[in-house]
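Next come two complexes built around chain A: one with chain B, the other with chain C.
Take a look at the complex of A and B:
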């Protein structure tokens, strides 16, 4: 689709949303205010595991300006103890999830640092914070368990009475016996134990929420950041045991999300309760420090992986033993993401006859885990790709060649995997060829030697990955489309952009389908006056789901318009033709425009579609240079060849890829949430302690497309918002290990910080 | 409480503020200029960058009372009379923003950077933006945008 700079109010912009976002007119969650609003502050647990003996709020209540203070007893009294679970399927041996209770304010026990213990409501945010310091909480400390493997061991501290062994859910996929047999006849087995580290998603907008209650219609209005209003409303209603139609969720601009902002957090429920009981709106704006402790973390998967090969280098079987740290409680998205997505893509891009995986979710005294950009897909890709590259090293085969030998061939698609998913289509050899050329794979030896002369260690890494995207929590995606009397078309969607530019790309889809100018199309997201069924923006599903539904609805608009125009012209609808915003009959020269129809009577169409998973895939090649004197790694080059089907807006797709690769690079080279193992204190509680990617971490990225259009969507698109994360974790890590391998370093877990790399170099040299 | 007189975006404001009020909270809460964002509480992220007396300053690093008598420019003052500032023009042309939350701070930091160095190299841009965090773009297009902004400001089209 062609995309030029757009004229908006006489100014040239590349996306519709840019104008307001660049001029300070964006409206994010903390920018909402209501008359007479109060402010909340949450007093949080300063220890990781303790009995709450007492909470004394007397002095705090006397602080001038304090209106009310809530504690865990109020949360339990209101019945706000059970968050939504998406674990509705059975696990290993028919296991049902053991869902721990999580009162929205801690009651009786705190289980991780940062858990809210009391909520102070006051006339200003500062007053509420001052008063919170007067609350006296008496704790009785309990033993702490941070490491998920330790939490599974006999005798470990237990977090919840109804979750014996700290094991809320165990799951398996594949065929254990067939895989055992495959390994028995293997000529070679590669084994790795890998950590996909715990990271903080860290969208730049801190959490914020403004809750109000209107007693006249007994409804709550909640201004909060979302990935989709429906997902947020469903979770809040479930937590608060109330019908969904009691809650209006309001959001406009969302300052990044990455999965972390899809959750209905406990704090919001308390604010809603207070707004109702006090009769005034209650606003809360999180600090970044609170965010590090309490905004859901991502990844935290610890995996033993094994790959069996025959003497010719053909893959025979793959087996994983997967421990998914869930933190102290189960979030709606965390467990399901880290079980389902890895099992769906357990075969990677390879034909592997036998697969088996066992997943154990584990509770620890840490902040809960939820979906984070990729949600288990980068994790499983990392495991598979690390195994494949290690197997190439072990057997002395070129890493690209070993991949090619084992690719699912193009003619095998649609390909049913041994864990029961069906990959739609891909051209993996074509993808690889393009990538090897773009990355000049053959010329690497020369570049390595040049780096070596400059005293640097150079390495090359490759990943070939596939992931499932597109399916969602809701069964279908609806779009409501209005034509105004001036011919402007407005589409309503409940799929909410957090930076992906839906107002632009959805409008491009509609403009193209209707054959009208882009500036005649508007897209409105999450407008609660236009309630619709549909999914949130997550799992790379927006364009596949809501985007395709935009196309389907525009088609329906044309069909309904034909009927209306035919009536007007006194002909049969079948005689009508439509092009570029106007209906014509073949015979007469008369025509009727969309605007004409809308002038005559209200012209509104709603349509929907159910769109299942698409399978974007790609090959990324990274080269790095390590300075052995400092352990600092530089990304020397990064190339991508991706198949995300048909591309709607190339600039947006490139931008998504940049961001995903940078988040992957952040995790590989520095990001890690660290808790003190003895006390459970959070050691990376601010941007001063937590590594964030900065300008220059990732330089130019060379990109090419290799599309095989999807038939899941009438647009031919595949989801691609997470591809950058998925492919970059293994590409960058294998590149760094390739640089270090000549020194004898075989394995390092991320993050590959200068200190870790330098220490590995020193140790390797000393070992010689 | 202290009375502060601060010129913001060409307009004189006189307000009583609590002594501990940060400049960023004065701009956002007292004046309602919510284009300046708060992304952290440790002065690392740069989302709150504004211009104080000609210098790019993180407005969470100073108290409102320290801006007594100062001239402050915020993102709201960058586009004039329906025309984008060249830095804004460059950011949109290069797709240098996604969610937009860091963008006002990035633009104000870029203005300060280009004031000091109208023709920065890539390395100088990377160094100049070290104090501004973005989670969406990977900075690739932001670095491009700053280069393009420098071009536009120097008059090359």
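Take a look at the complex of A and C:
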């Protein structure tokens, strides 16, 4: 297969952003500079929990080149203490969120390693850093709590006065009594306690921000990483208690985001404050070390799951008791995504009559958690799929067969789940059949035996998953479309690519709708001169939202063009036909092109649509080989059959799947953020200690599609940016456990490091 | 990083004089350990004395009984050298397993041996091959040279010029790379030099060490099975969040057996 060429409706086009990005011609957050700019350095907490007794900046201020130094008192004085919360709904028993304060510079107390304590603004970044070493901070150590279960226990160190028990929000979904009743009549109950480990998303681009203030129009300009300019602006405005129109957010290229880069981090508010006070732009570029400590972490969910079955293997009920570690503060996206997404998809792909889940968000002395590729969806899929495979083992039923027996049947769609969401459509049996064939499920025993002869333990794992794609923070997605006098069409969007290839796929949608050549269409994202309502790229929603809006806007452009063309040609609009960039009268041969219309006067159309969640689904089958001598797991094969509706661009979909599976594999086999339990020091503070998967971890992936088009989008598309993560966590973990089960190993938590796997093998052998 | 003075030395002699004149100066060749240390502000040398491009220590010379590799020869140059591949193919292979292409093109043999990182690859080869570390002042036997974590027999101001490797009958290196860093979690170099069998282990302990029980067993029977009944004492081995000391002890044995298995064809 040619991965560099795309084919859609006869068009073969290469991903047009790649030349720019691959040759270093992209413009990232740290590439922005302004005349007369200053540089910031953040002095960060070197301990996890301590009272700030004093911050003495006198010596640092005298350091040549230092302009100003800010501390927590400045942050509190400005009132920058409350980040945006998306927990606007009520929790268990009507609970309202107890939102902890988070001054943008720590004030009074530090609650995790890396928290910014002071900001030095100087003529150069080096001067700022040198001066920061002259700041004297006196701390009074406080007891530290890292483990979220321990943080909930009575007597645990308390992080925030207004958050008793370190429990800012408790949430429930489903029907507790009905689920209790279902479990009471179960023939079998499978129970697992699972950890979905804390990971560091680590996009390639470091965080960076350049903030400027223009006193003429009293507005800030912020050059920063985004997933969408609107979401960034909304957060900064909320943090700084100012109207959104006071802030312009500008960004060009973004070097990976994964949810982590959607956040308006505290540092930026402080830079904005300084830019206004000092009257010069203030720039800051993070180091990778700062990134490990302070860029939001992902996952960190600890779940007790129970699945009840009747004697025939039908699922009767599913229950989860879910602890979501939030770190020291609540981010806008962390709590909502780790409650809402799991509860939306709590039934997985199965018809389970009774569901109940209880979610407790917990504060610990660790870096805050936010959305990370999948944002709770991989986590819940992992819990459900581990339970289903374990139930298959417990009851002696084939893992694929048990799934098939309990699938929501195709005729039951749209399917209203017991937790209140409505799955649009899927053909789960068809998906499974295709996957079992592609993965040669039946032939596994032979391959296992061959591996065994070579001294290797072989295992097979399967996952069948569904997820809700993001409904969006903003009510609609707008696209503004310009026709130029040369006939080129430029579309403006606020949905910001971080590598997804919107410039290509959105242009393909527009080119197809307008029937014009792909190279006549351009896509511009996050252009400040074209402010629009619209969502960020997150929750696998870009093509569903902004992509569909591109189609809607192109259709509107045709309709408005007909009216203009009719006027030009002196006929009724109803007599106009449009095809391939030209308007023709029905009865005559007279025609006028899009370009002609734009020559006469500006031809601009804005249109919009509201697009709710789609429900992409898929079946992944993984096979692994474990070397019992070293505990090393190799992925022997990986197959995917996914339903993401109609595919716009096969190479981009495949690329998303590769990346998602690789990120899942990274988490399964090695990634984990580790804090010292006693001190709260970050032990995985660099790539020397934090495992990041290499290309060789995942070999070839065999992919097939099994689309059921969505009606949410006029394009029939479903989101798919996160599917690879969601399906791969359970597929790979169950494969590894399948390999180990003959030795007596029943359960391991990720990451399945060689040391952990080897130790489990040794312990299992010794136990016999 | 903090500010420092950069001096490009014209000769080893000049480098030695500069070191003597500036007690807080550091030698720089490839900089693959030093530069990250400086970037993290973990060291504050007054001077960096660059000896990385001195032609005299960038040569690989194959003599009748020994292979001499200059201290400033890069890992990549060792990995692809015809002389090294001919004389000690295991050494070329080891060099090709260090770090990544960027590191291999910058990092040097002398830097690795002088730094003596407990998880570096080269110390295993130097110790197992019974090589000599040549400085401007003397030749130091490998057994005397390595003295534990980041510790060597080098005196203040003493500069490594080259390493002299005796030519072994056969040799092999098996490495288990640390999943995150790529350093050796356990690397075992097995060499047969004359009648002697030497087994050197890196990555598992506080510094490179010889596994004498394995040497004894392999002298009698150079086969992986000869190590079957041996166990490695885990007591003094490293333990961290990535691997228990028992696991490292196991790796030492497994890597030793895999190295011996490689010898079979030689």
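Everything that follows uses one rule, which is that the second predicted complex is superposed on the first by the 754 of 768 C-alpha atoms of A that agree within 3 Å, B and C clash if a C-alpha of one lies under 4 Å from a C-alpha of the other, contacts with A are read in each partner's own complex, and residues count from 1 in each chain.
Please note the rule applied: contacts are C-beta pairs under 8 Å (C-beta built on N, C-alpha and C of every residue); 3 or more make two chains touch, one makes a residue touch a chain.
This structure is a prediction, so every number in the text was calculated from the model and none was measured.
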| item | value |
| --- | --- |
| Partner chain(s) touched by A:683 [first = chain B, second = chain C, both, neither] | second |
| Partner chain in contact with A:692 - chain B first, chain C second, else both or neither | both |
| Chain A: partner with more touched residues, chain B or chain C | B |
| Which of chain B and chain C A:755 touches, first, second, both or neither | second |
| Which superposed partner A:663 touches (first chain B, second chain C, both, neither) | first |
| First, second, both or neither for A:28, with chain B first and chain C second | first |
| Touching partner for A:517 - first (chain B), second (chain C), both, neither | neither |
| Chain B versus chain C as contact partner of A:289, first or second or both or neither | both |
| Partner chain(s) touched by A:450 [first = chain B, second = chain C, both, neither] | neither |
| Partner chain in contact with A:567 - chain B first, chain C second, else both or neither | neither |
| Interface residues of chain A shared between complexes with chain B and chain C | 289, 687-688, 692 |
| Complex interface listing, chain C residues touching chain A | 2, 40, 176, 179-181, 183, 241-244, 246-247, 250-251, 254 |
| Touching residues (chain side chain B, partner chain A) in the complex | 18, 20, 33-42, 44-45, 47, 74-76, 78-79, 82-84, 88-89, 91-93, 95, 97-104, 107, 122-123, 125-126, 129-130, 132-143 |
| Touching residues (chain side chain A, partner chain C) in the complex | 130, 289, 629-631, 669-670, 674, 683-684, 687-692, 753-755, 758-759, 762 |
| Chain A residues within the chain B interface of the complex | 5, 9-15, 17-19, 21-28, 30-31, 126, 202-206, 253-258, 285, 287-289, 498-501, 651-652, 654-655, 658-663, 665, 686-688, 692-701 |
